[in-house]
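Each chain carries a letter (A, B, C, D and E) given by its place in the written order, and its residues are counted from 1.
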């Protein structure tokens, strides 16, 4: 059986900060429509991995392929133009702007196109933003307030609404529900399931194993800057994953056949 | 054959037309005398920078220094060290206090400003108003011109209201100040300025108040190309001209003479000249300013 | 929550009105027919520079070279017209191109090379003024040909040209900032440059754009200023950069970027002009003027700070 | 990772060495016996002001009034000694008290009232200089009594006094910044003022402290400067504030606070002095000098930026 | 039976931002040695509550008593001097300083006391910081690096280590384990249990009900800026708490006898 074509294929991705080896020789792949999770200890290199594949930072070495073609992102702008949307752990919001402006940041709706001088369609952005935010379940008393005063969960929902609303090719979520309440988490998980149904591939980073097993097809385990194993959700269990994360289980002891090659 | 002399010409970093002419005169004199002229400026008119320059020149053992001090008193310690090292020092345009310099070449600002004040006094009657655009009062040149002007004016007319517009030798400041002054003193007869740039500002202020050339008389000070042009166009009725390029020229010539060991006078007044429309063209030609004026 | 007294620029408005009242009590000439429009005319150059500066400060940069660029554009345009006999309209075009060119130079070094804006424009402060002097030989050029007298002293519908030009520029700048994609990105960059980059904003191009706007508006200011002075020289607009920055901050824009509005800068420019102008009306001596100007600038913001604190209670 | 070439100030060091080489090749006078110590003597006043400025900038503030405070302290001390016959040591004490007093004024308005430091010190820029002129009537005072000649031109163990005073001040300032509680809080405030407050740092007191240090060191600089000039006036140290800030930034300290070191500022001050000094040695004409200084300032940082980018690869 | 003396008693605490009613008439109490949890939706006012009782912000109205005496904190400095330590949701770390400096921020160890000019004891701070951080289980490859580059979990552990190390009277944790991995979360829960044993009262804000039921004695429910109910952990269950949070259960329908009065 020929494997389904990879949307994203990464080989040998490496990033060192001075003496800190944040990521070493990472190798990863994502099939069309697949939802994958990345798990690992704090400082294992998960966010670094995200920053590298979105062009936020340049790797020391490695190759990133999208739809089988090598890409070389010099900035997140390149990634966005390929239809990749991301919720970064640091959220990337402008605290001095209001909710609608943040949701449409870099993708502003305009009346007509004059390049950078296109006149903004404030009204459309406001109403669409309210709609997109509603899907996350968060309540924001005054949408025209700046984000500076908003609660941690409110900010996170703004970033999620933005990414979920614009993703075409791939969506990457770095601990999206970390700051969310019970209801909001459930709603965001609904959104993710919706993306699965519409066939948009997704990578989620999460420390919540219940969530991971609920949502994704395959789990990739990071440990000390390396990708040490990956397992289809159906062929593993939370105990095994915890063992891999903590190092209690040696990845070499697992059957190699179930690994997704890359 | 004697080795070529090295003369340092250290100017004060002023960038207006008057100084451009003085500096031009100095450089031409250097070429004419066949000496090596090191011409440097104290950037932004900062005393400590000028001190540093003098010290550099001492360590380079120049044969003489011609200097336009940024500050009459502050430059003295460096000048004293230069003199102690056997280097003659000629002050150009601004004097030096606290050092026995070789010579001082300049317009006598007070005397020239008295002429400006007298001329102004002759144009007005008792009870009239005169606007005076003041130079920077933290500098001796500004203070001397102001006191000379007031002295000359009072000699001729006692009962004149003088409205002062303080500036730091800045044309826009002069213009804004005169605009305000014209508003509250519509009856002003004469605008006198401590330098020609201020007179340019006064003209612009009159333009913006909708006043015609000559409806208020303007008297300048410097004899710079810009000032003389104003007179040619009828905007200025008198100008107390310094012999600008002569100041620089004589300054460097005196330095060369001193370097050659000749004795030079302690004070050389390069004089001033009251330019009026009648003698304007003559003066412009004789002083050489005409080459910087548009036909 | 868009009450007028919650706007960043409300403090500047209050200060302008208060100072206006003080001055009209202190000097009978302040409220005379033309003086109010006169204040606006005098404020026009600083207002233009402050408007340009607002773009830069909103991205959390600073442009110390605005005065020098004004001098460069003005001095060269004057030199071209009067010494080399170039057509005035061509000279104006050259001035505007110089502004854009310097803006591109600044923008390139700041946005693409990554040199702090403070350093690039501090260097520019002496670099461009030096160039202005060098290229005119240090001489003034006075008595400018048409259309400069009209630009400086003409009126349309009773509104003096400098005010008209300035207001027109402000309306355009205000529109760009509040209602275009570029304006939105200016705020986003000042608020969180790394975040703006992460969501895919081309922060380099936008930053470049900001300095080009600044350079262009400086050249516009140069034209107004030389028309007003009926002359130009390398000494034009000396020390205007600090007044322009002060106007922006008095107008309520944060020096750290991301927050503020352009209309505040206009109010700030008017405030600064009134302070300087008022001193002349009151015939205060040079040294006392210096002290008073400093004190009033501090006082104006002091009152605003107290007002904001009150409002928060 | 404390390699020397990863330090913030490494760029300034390279620039100083490179410029030194260029100058000694270009001008035979640069390396003459006394000239190196001469450069240090000349740099001493800017270095002191840059040191004071470093504290302020590390808290993400800015002090535009350093030059004016220097002038105020110097002008009044000179006036007291020469016009009023006050004992020189008493006059020195008064100068230092003036520095501390202005620092407390600035610190109060910035830390307790909450006015942006840019505004307070921009106002101070003219306020204090105006006061300096006003209280001396704009006149100079020259020919200072002992111990000023010794401070300006004396030596201890062959080291000129200005260098000695400056280095002593730097050692103390460096110790305070790197190894005391106060110094640690300065960095914390610049890095995250709200966070520093939340962990219970008295950010108001520390901010106040920073401006007092700045005022005090300015007064110290005033004493060195007037001793070197053997005179004092309200015009002293005109425009030094931009040089001081430039020195700090050339030295690798971030204008946004929290990052940098004081030794970098010393290197920055030396660099600026060498640039200005070098132009004189090379006999560059006035207008070209202005251009060259601007260009070299930009170039120095440009090279540093490229070096850092290389390092990151 | 006389109720045990309250360490902290809060009545009528209110904070409005313009038109946004972040907190209204909150009433709360904490007995000596008690560990309490605060739960509620995103934007329910939990962090606002923390900011008010630590002096970070001033309330519009209300009264805070510590050990029966009214206190009036004007700044977090006052709270710290009373022995109250807090992990804020925004962490309050200085990104430009290294780990040890951040842990000892505002409590620097010195050789001797000269007020603000006391000379720092760098060595002692470094070694103690390493020790305090170890308790959180996080791995930090280079302790002398600045916090700017650190991962979300690493930063959070620095803030936790700081608060846990210095708390004497009361410790407040605002979503302390939101960014932590499985291992680190377990370690931090250990720390909290240790604090319980040493009798230090604690308030924890968390969206993780499993954690809340594991750790605390009493749960306070916030909803839309009000404290609507509190329940001893033994007398309630996760379903009831979720019902209260979402509004599915009317708090008035619950037996009032079990409420802690305040």
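Throughout what follows, a contact is a pair of C-beta atoms (placed from the backbone, for glycine too) under 8 Å apart; a residue touches a chain by one contact, two chains touch by 3 or more.
Bear in mind the structure is a predicted one, so any value in this text is a computation, not a measurement.
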* So which chain is the furthest away from chain D, centre to centre on CA atoms? -> A
* Identity of the chain that, by mean CA position, is farthest from chain C -> E
* To do: Quick one: report the Å distance separating chain B from chain D, using the average Cα coordinate of each chain.
  => 33
* Provide the C-alpha centroid distance between chain C and chain E, rounded to the nearest whole angstrom. => 48
* Please work out the Cα centroid separation of chain C and chain D, and write it as a whole number of Å. => 29
* Roughly how many whole angstrom separate the Cα centroids of chain A and chain C? -> 44
* Can you tell me which residues of chain D touch two or more of the remaining chains? => 1, 133, 138, 234, 286-287, 289-290, 293
* **Two or more partner chains touched - positions in chain E** => 18-19, 90, 142, 145
* **Multi-chain contact residues (two or more partners), chain B** => 15, 137-138
* Report the residues of chain E in contact with chain A in the complex, numbered from low to high. => 17-21, 40-44, 46-47, 89-90, 138-142, 145, 149-154, 157, 175, 178-185, 207, 209, 224, 242, 245-246
* Which residues of chain C touch chain B in the complex? -> 27-29, 32, 34-35, 38, 41-42, 82-83, 133, 137-140, 142-143, 149, 152-153, 225, 228-231, 233-238, 276-277, 280-281, 283, 285-287, 289
* To do: In the complex, go through chain A and note every residue touching chain C.
  => 54, 56, 75-77, 79-81, 86, 88, 90-97, 101, 105-108, 110, 114-120, 122, 142, 144-145, 162
* Structure fact -> Listed in rising order, chain B residues that touch chain D in their complex are 11, 13, 15, 23, 38-41, 43-49, 51-53, 55-56, 59-60, 71-74, 76-77, 97-98, 137-139, 143
* In the complex formed with chain D, which residues of chain C make contact? -> 60, 64, 109, 113-116, 118-120, 122-131, 133-134, 138, 242, 245-246, 249-250, 255-256, 286-298, 301-302, 305-306, 309
